[in-house]
Amino acid sequence: MTAAEKHIGWSREEMAARVAQDIPDGSYVNLGIGIPELVARFVPEGRELIYHTENGLLNMGPSPKPGEGDPELINAGKRQVTAKPGASYFHQSDSFAMIRGGHLDLCVLGALQVSQAGDLANWSLGGPDDIPAVGGAMDLVAGVKSIFVITQHCTKDGAPKLVESCTYPLTGVRVVNRVYTDLAVIAVTPGGFQLVDLAPGVDFETVQERTGARLLPIRETTSNA
Amino acid sequence: MTAAEKHIGWSREEMAARVAQDIPDGSYVNLGIGIPELVARFVPEGRELIYHTENGLLNMGPSPKPGEGDPELINAGKRQVTAKPGASYFHQSDSFAMIRGGHLDLCVLGALQVSQAGDLANWSLGGPDDIPAVGGAMDLVAGVKSIFVITQHCTKDGAPKLVESCTYPLTGVRVVNRVYTDLAVIAVTPGGFQLVDLAPGVDFETVQERTGARLLPIRETTSNA
Amino acid sequence: MIDKTRANVAEAVQEVFDGATLMIGGFGEAGSPIELIHALIDHGASDLTVISNNCGSGEVGLAALLKAGRVSKMICSFPRTANSTVFPDLYRSGRTTLELVPQGTLAERIRAGGAGIAAFYTPTAAGTPLAEGKETRRFHDREYLLEYGLTADFTLIKAKLADTRGNLIYNKTARNFAPIMAMAGKLTIVQAAEIVAPGKIDPETIITPEIFVDRVTHVPNPAHESELVAAGATYP
Amino acid sequence: MIDKTRANVAEAVQEVFDGATLMIGGFGEAGSPIELIHALIDHGASDLTVISNNCGSGEVGLAALLKAGRVSKMICSFPRTANSTVFPDLYRSGRTTLELVPQGTLAERIRAGGAGIAAFYTPTAAGTPLAEGKETRRFHDREYLLEYGLTADFTLIKAKLADTRGNLIYNKTARNFAPIMAMAGKLTIVQAAEIVAPGKIDPETIITPEIFVDRVTHVPNPAHESELVAAGATYP
């Protein structure tokens, strides 16, 4: 990619804001570590999301003010957070009962690859010398009702992350509902990747070009959110 | 049985006291409804038993004083009880995790029949018009480390309750460790029923006569408590 | 702000439909949501499958729902009680069927349903008549039964204290099945003796987190089943 | 009177034997029983299998136990951390083996072990590399994996408050694995920041009932792993 190309599409913050737009009021949400966490900053006025962190807190609030944190009040990324009014603490088995039992409405996660069938790879590069680490990712994709992925459309090397089938080790099979990238919003449908929205200045052909599988054009009404 | 015969052996209270003698200090205990509940009254001085009731209370205390009860503080027999210092409340899944997970040391239950292999029948007469009801009995015998049965040696009609094999529907297979009757204390061993202790004035022959399976005589040391 | 409160018990149960499966909390009278059950009788839903540890006593609460002919199937561990003739009559006449489940297996099946566990292996009831027709498997030289998770369309439970978002605390042994039934019900309906604003309950002490609760209604002085039965009360 | 207190962390861990399986609480530093782990290092037990969500950071606590060469196998969900090179080195050199388990499956396996459930079917990890070699089965048109209960010879956890009988309360998200590990450990050892007489804790608020606890020792000001790591501390 040239320097000019880098400027097309949404910034990380804009991607997060675009995700936030699509989350209904009152949803119980788990935000993955990294870019997904940004989503909380862009929830539209008048809408309330309830944040779950799988290490055992519902109604998680933002980071504490300096000096006011507790090293034992942390999120799944092991960073200090706060508890909002109405918060509750629970142990791991109850926390993953919430996840696995389908009680969470939505999870936003990062990705290495997403296949056109909705398979997700986001936990391992599969290298022989890598230390494998999975945490709660496989539980989240298996249990949460809707899985949104937020990711750059391509890798730093320009390789597509939306592919016909994943080459990295899978996190889950047929689990992703939507992908939010710097270029577009794409739904995973029975027919494959379906364009839902384009970043300003980006056209269908540009997105198709950078996508490793066939892309269906925007439909008047999409119902796969 | 004649009226005279009824006077041989232990009373219900003496049976309960005999059971209480055999329960080590600090045991976590579940006492079944009825005669087993009497055991709590006869715990020897200086010994502390911790009572679990499967509807969700540990460190259960005796019945409340009149007017001091709470209809929502009850035992498995649905009678009002109290909570001792150190008590805790928990839900049914946690309560039966205690039971099934082997965390209780001992359970004392009544019986319709006990077989020489330790099978217990105590939940149903198996009549076609009976309303079947099992409660927690099958969980208790499956999960608690030691199962003591307290029962009259024979039915009201004089039929033995200790038998070669049970004819009533089973509560559990090979679960009973000891049987405390009005006549004797009997261990269930790999060799069958083994006499451990006799009520005053009762001899081996009397017990054997009223037992529906072969009875092994008292050994110097029995290790099947 | 999330607010799950409903004006009264009638509104709280209005979504229950004919043919629904319901979990109803309580072990005997402790935890039985009598006012919600009575509202359900008024509501009129029928052909219900009810999952509850017992079958009620006298002719109030769960026994009244049975007596009203609304329950086609009971799933429970102990349908007999000292003061009830309602269920025995229905059972013997074949108007209500019974699936008898050991209490711990019932609890575990409900928890599994709420926790996304399809099935599990338990030693309880192996070798007994309640194992008939069930799949068995040996682990470590012991026989276990395969038991399946249970879920319900609706759960009706009673709490001591709720906040408006549905965080719950119970009273003593009234807790019994409520926390796991709240997990396993698609729509969980709560009657609470007291309702407070979010943040008023210490987050360390909440037994049922709000995520498992959908409707909360205020029943400030819930009736005690034993007192109603002793007074010879009937419903409606 | 039941009294499970021990004079110090050394006495609390003295029964741990070579070759034992240990569950150790904590998610990152929250809930990590650092003082008990350090006592275990002093105690000298080796060839341990450790079940814990992570592998510690820096060279204190769990990372120090690993660094001391005492752990032959780790069962965990997330062995990588920002500040740890200890586990990666051991893993790459083959001195410590790893069984990687998804976090929710790890929690459920521990709970199952403590609850007498031999095995269960979970949808987590179906179709992924972590399903390799596992039995699968379809329920309602979805694939599930058979996973087995986990127990341990010893469990080491940290509580905020205990009574002398072993009833426990935790601090915020430090609760994480402790309640279920307490259930699954044959001998559960607790370090508590405060110890009170029985009856001083409201029975409605107790998270771990005494039946799951065997030893309690007082560690009034437990260290925070992140502060130790930031200060470059090592143990011993």
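Note that the chains are named A, B, C and D in the order they appear, and that numbering of residues resets to 1 at the start of each chain.
We take it that a contact is a pair of C-beta atoms (placed from the backbone, for glycine too) under 8 Å apart; a residue touches a chain by one contact, two chains touch by 3 or more.
Everything numeric here is computed off the predicted structure, so don't read it as measured data.
S.K.: Once the contact rule is applied, which chains count as partners of both chain A and chain B?
M.R.: For chain A paired with chain B, the chains in contact with each are C, D, in label order.
S.K.: Would you identify the chain whose Cα-based centre sits farthest away from the centre of chain A?
M.R.: B
S.K.: With contacts defined as at the top, give the pair, B-C or B-D, that has more of them.
M.R.: By the number of C-beta pairs in contact, the winner is B-C.
S.K.: What is the distance, in whole Å, between the centres of chain A and chain D, each centre taken as the mean of its C-alpha atoms?
M.R.: 30
S.K.: Averaging only over C-alpha atoms, locate the centres of chain B and chain D and give their separation in whole Å.
M.R.: Whole-Å distance between the two chain centres: 36.
S.K.: Which integer distance in Å separates the CA centroid of chain C from that of chain D?
M.R.: 34
S.K.: By the touch rule stated above, which residues of chain D touch at least two different other chains?
M.R.: 108, 111, 115-117, 122-123, 170, 172, 204, 207
S.K.: At which residue positions does chain A touch at least two other chains?
M.R.: 83, 89-90, 93, 96, 99-100, 142-143
S.K.: Quick one: do these chains touch in a line, a ring, a star, all-to-all (complete), or other?
M.R.: other
S.K.: Let me make sure I understand the interfaces: which chain pairs count as touching?
M.R.: After working through each pair, the chains in contact turn out to be A-C, A-D, B-C, B-D, C-D.
S.K.: Which positions of chain A touch chain D when the two form their complex?
M.R.: Residue list for chain A touching chain D: 53-57, 70-74, 78, 83, 89-93, 95-96, 99-100, 119, 124, 129, 131-139, 142-143, 169-173.
S.K.: Taking the complex as given, what residues does chain D use to touch chain A?
M.R.: Those residues of chain D that touch chain A are 27-31, 53, 77-81, 87-88, 91-92, 98, 100, 102-108, 110-111, 122-130, 170-180, 207, 224-227.
S.K.: Please output the residues of chain B touching chain D within their complex, sorted ascending.
M.R.: Per the touch definition, chain B meets chain D at residues 26, 28, 48, 50, 52, 58-59, 83-90, 93-94, 96-104, 142-143.
S.K.: What part of chain C is in contact with chain A in the complex they form?
M.R.: My answer: residues 1-2, 111, 113-117, 163, 165, 167, 183-184, 197-199, 203-204, 206, 209-212.
S.K.: Mind listing the chain C positions that touch chain D in their complex?
M.R.: So the residues of chain C in touch with chain D come to 108, 112, 115-123, 139-140, 142, 144, 148, 169-170, 172, 202, 204-205.
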